[in-house]
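In the two complexes that follow, chain A is the common piece, with chain B as its partner first and chain C second.
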Partner chain A sequence: MRKSSLLVVTIAVTAALTLSACGSRGGKSDSGADNAGANNGNGGSTKVVIGIDAPISGSLSALGLGIRNSVELATKQANAKNYVPGVTFSIEAKDDQANPTTGKQNATALVDSKGVVGVVGPLNSSVSLTMQKVFDDAKLAQVSPANTSPDLSLGPDWGSGKFTRQYQSYFRTATTDVVQGKFAAQYLYNDAKKTKVYVIDDKKTYGAGLAAIFADEFKRLGGTVVGTDHINPGDKDFSAIATKVAGAGADSVYYGGEYPDAGPLSDQLKKGGAKVPLFGGDGIYDPEFVKLANGNGEGDLATSVGVPVEELDSAKEFVANYAAAGYKDPYAAYGGYSYDAAWSIIEAVKAAVEHNGGKVPSDLRTKVLTELGKVKFTGVTGPVAFDEYGDTTNKQLTVYSVQSGAWKKVKSGTYSG
Partner chain B sequence: MHELPQNLANGLMLGLMYGLIAIGYTMVYGIVQLINFAHGEIFMIGGFGALTAYAALPHGTSLWLALPVMILGGVLASVLTATAAERFAYRPLRTAPRLAPLITAIGLSIALQQVVWAFYPGGKKALSFPQFAGDPIGLGSFHLQRNDLFLLVAAPLCMLVLAAFVRLTRTGRAMQATAQDPDTAKLMGIDTDRIIVVAFALGAAFAAVAAVAHGLRYGQVDFTMGFLAGLKAFTAAVLGGIGNIYGAMLGGLVLGVAESMATAYVQDVPGMHQLGGGAWANVWAFVLLIVVLLVRPQGLLGERVADRV
Partner chain C sequence: MAGERAPRSGPGGFLGPVEPGEGTWAPLVLRPAPPPERPPRLLSRRQKYLLASFLLLLVLALTVLRAANYPEQAANSPPPQAVPFPSQAARFTYVGPVPGGPETFALELAVHNTGPGPLDVLEVRQGYRGLTVLVPGWLPRTVPPGGTVSLRVDLRVTDCSGAPADATFPFLDVTLRNTRAMETVSQILGDSYARDLSAALHSACDHTDNRTPATSTETPDKPVR
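== the complex of A and B ==
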């Protein structure tokens, strides 16, 4: 009896540990190829791997899967066109579950993976913060399709106008929150004619940063911030905050954070008597937001970087190819930016090979890093190029609003200051 | 201060839910001195059980008709999980040192979460829970959610049923006897194994009712929802005096109201602006717990009992 019960307990504990291991680590790394060295170009074509780090599982997986699939699509297109003669591209995707610690482990794994010449990702600014140094030490190029925190490229003192590039290996195809937050404030004050805003954030690198930039610009324009509050990511009950917002007489709410909390927050605000639109950044611009708001998201607003991928002529091919590839999950908010990020690495590989007399150089990683800064091409999201800080030179933004249960474009514009 | 009634109502709702879950912690602790850390996940599984029951009904069934079926589905899922956990994870360890079942409970909690994550269709993301349509019932700036009415009725009703059960039925009195002294109870012919199963099952059923209330109130269920709710309910049980079922409900209410008040008013205290708001509600809730335990180590309604070894 004693033995058999011990057995049952052992099995239960083992099962628990195994399952939790699957869930919390990047155990589901789906490597697109064996990690063949980049420089063993003896016969046939050289395998070059583009690493991916994104939240492929967990609450942000809708965005993460879009990133993963779009990068894979880019490598498939490059291979089909034989874009870089003598080079076959493949991917190695890591799951960070939006967790900075897991992100750092993934960064180390990608650095150790010999064939990886560049990494697309991650989604979250807070995750990028832990990964940047690992990549920089290894001289491995990183292009984020979604990070918007200004600190990542401009340094912590950007607020006072002192820009210092943090890491030479860091690039991004997404615009920063400086641009996004100010654009949002200008839209809310000038176009939507709102003057009393309640500002809430989730205390994360992205959310708190965006909310602060928004609030400063809104006040500068002449609006009033009638109150501020913070939530913990993962909280379920926002009824007390809803009561505060309703009592403060706000005509709008700005939320710095992401859709898993923003959806329920919007729902509970309206139920709690604060029937004013919730405005957020690209972190809430996702169909999941509308679902989580339980029909109370109507009229809510969001800014997102770039113009809608569907509207760009340059993106038609991408949209068609993505559909043809038969991916189960949509390319989501960052698909186009991920596709362009992957292509910027492919272009850099091409340039590195061309400058080496058509052969794959032995130090491909370092060469890709030098070439990446000079890359210039027309991508699916518009012109792709990086400035001296590694930020994109494309500063287009769009305001979306929830109408009849889906995000609809309200206004696109180019931020000019 | 004109929002005070609304803030009290917000806290009350939160508290009733904590209290319903806390009963499960307190009953199991009262009888086997085990802190069943997997109880939060039993609560979560109740939510998924209710959702499954709703999905199984013909499309377009009125929520009024569906609600009893959903409660039944939730209770069934929770009770089955809890009794299975008792039989296979805790009973074999009944004579083991106390830390062994505690660690098992933590392992079980992670395992249950991951099972739902891995195997429930669409369970990797938050799932929408059906809700009653209609505007809140309002009186000036004060209003009550239609979906909260369920909790407002169900929680006191559950409490009454439980009190009657424990006092008036044979099994209920056997539970009291087992809680006081399991060895003597056994000698008097009480099947203590059965009583322990009943305690687990009752706690699970209440957690399932709380989960339905949670789904209605927040409009969604997800596989992580048991963690924080479980932790808060455990706090409520300790606050009210662990082992005491009335204490669990009282502890829940005190905790819920404290959280709501902390979110609403701490920010306005001069010099405390940084320490207020939604992000600090949990901190204040635990400060309250510490203060109460310093003054009354046995909790609000707890009785000082000698530790049985």
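== the complex of A and C ==
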């Protein structure tokens, strides 16, 4: 009898607590559920297209596919939430194959596609250089999730402290090589205690620029650049460079370039007797690098934009939704930044519609460009906003190291200047 | 011979105790006090089980209803008020230089906590071999939720050869802790900090032999925990 009384009291208390919890949470959710639910019956009528340019095929497709899929996911989420009443988003993806000429052709095609109100991409800084003017002439907003060359936003004289915004249509969600290259130099000299570095680059806008920024800061810190060299993208034989590195007495190698060349370079450096870590930028931060290094990448280092996804609560929903969407290819290094780039365009469309009495303005492209510089929201990668040069205000990056055949976080940094 | 005579019973004899009759006797037992009268029962056992079952079903129904209404919350692992990682909750601002001692560059660092729980600053370090860090006062220092704490950080030159004056990207390594994790994060404080530190290092080291320690290297970093 006593047991049954206890059971009744326990259940009654549980029920009361449950009712109370449901009541309070329900109230909060109702007030915070934005207006998506209220507008569910208002089916999208105006089709708005977000263009994408990325290397969807070729050696960098692992990164490019992650960009394309993540942008598509953002449009699907916006449609599912009816985030901009009266608007249905879709994508138009172009493959630049990491080729600047192809990128320029894609930019022209996207400008000619009347439904496109903004473009996410490209991956490569060198490709972006050929696209920027095309977009700017057409007042079509461009948000790159991966370009890191400072020239693109700050102009060619940024190194001397003279910042000049090149194109009003250019924005990016990735931080620049100014932060990345210098942070890498500080890490290698102060933390890894390396003092003699051999610097190699692939002669491309991104690789050569990043390597130069790194080398300058490394020397300022008191380190020595014991040798420099260049490779051609697509080269297969790096044995001559490996011999030079081994003979130079370097205790480390810094490489400005991308993983299709960096992986085999790391492999051949070790085989050639230069058993020192290879350090690179976000261009080598991909599982493909580890594979291409053929087991000789252990201990190699890379910086990459942002902090690991598992440290960002804001990224958990993106990760879950990406998995639920069933994409075959991973979102890779720039997935979160691509989603945020697409969402910044969606936010700009939303603002343009709201400022036009709830109707889609006829000059939506121009309006999106105006609104884009003012967007501010919490995205997958944290707070998203742009400064006066179109650069992201969220400047975080992380040093990773290859450990047991996979990239592992070593250290994160936040730029708050 | 005189013998005891058996007592006589029957009329004319003494009266003994009244014996129970055949088949009517009972052993003597001490009887406890009668229990107090219980109030009448409101619910029978069966009724209680019925009520319990009803309430259980009610709880289950409400739980299912809630999960159906808020599927994303039911599916997501983090609670709405999850404490973020320390690196995501902290915002650092270089306020500027403050007066320091000889061969010491002193600065004010503001630490803002954007998270919902307290954040501890456990340690402040930097990478230059020729500088030591001292945080006057004490560490750890707790930054309340939504609050800001100002730290004074002293960078003391111990070896000019290990204190590069022209580096453009110096940072401080700050170890933070909250209820979720403990992390060391590099705080890159920007151009103003780089300029001020550079000026201080030139001031401390330019007039000396660049390879000669400006001061004794024996002063260790202050223990911070």
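Keep in mind that, in the parts below, the second predicted complex is superposed on the first by the 371 of 417 C-alpha atoms of A that agree within 3 Å, B and C clash if a C-alpha of one lies under 4 Å from a C-alpha of the other, contacts with A are read in each partner's own complex, and residues count from 1 in each chain.
The rule is short, and it goes like this: contacts are C-beta pairs under 8 Å (C-beta built on N, C-alpha and C of every residue); 3 or more make two chains touch, one makes a residue touch a chain.
Keep in mind it's a predicted model, so treat the numbers as computed, not measured.
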item	value
First (chain B), second (chain C), both or neither touched by A:164	neither
Which of chain B and chain C A:393 touches, first, second, both or neither	neither
Touching partner for A:362 - first (chain B), second (chain C), both, neither	neither
First, second, both or neither for A:224, with chain B first and chain C second	neither
First (chain B), second (chain C), both or neither touched by A:59	first
Intersection of chain A interface sets (partners chain B, chain C)	5, 8, 12, 15, 19, 22
Residue ranges of chain B in contact with chain A within the complex	2-3, 6-7, 10-11, 13-14, 88-89, 91-93, 104, 107-108, 110-111, 113-115, 117-118, 124-126, 128, 131, 136, 138, 141, 143, 145, 214, 218-220, 222, 224-225, 228-229, 259-260, 263-264, 267, 277-282
Partner chain B, residues of chain A touching it in the complex	5-6, 8-9, 12-13, 15-17, 19-20, 22-23, 57-59, 61-62, 200, 203, 228-232, 234-241, 243-244, 246-247, 260, 263-264, 267-268, 271-273, 288, 291-292, 294
Chain A - residues contacting chain C, complex	1, 4-5, 7-8, 11-12, 14-15, 18-19, 22, 25-26, 29, 179, 182-183, 185-186, 189-191, 217, 220-222, 307, 311-313, 316-317, 320, 382, 395, 411-417
Footprint of chain A on chain C - complex, ascending	45, 48-49, 51-52, 55-56, 58-59, 62-63, 65-66, 69-70, 72-73, 75-78, 82, 84-85, 87-88, 91-94, 127-129, 161-162, 164, 166-171, 183-194
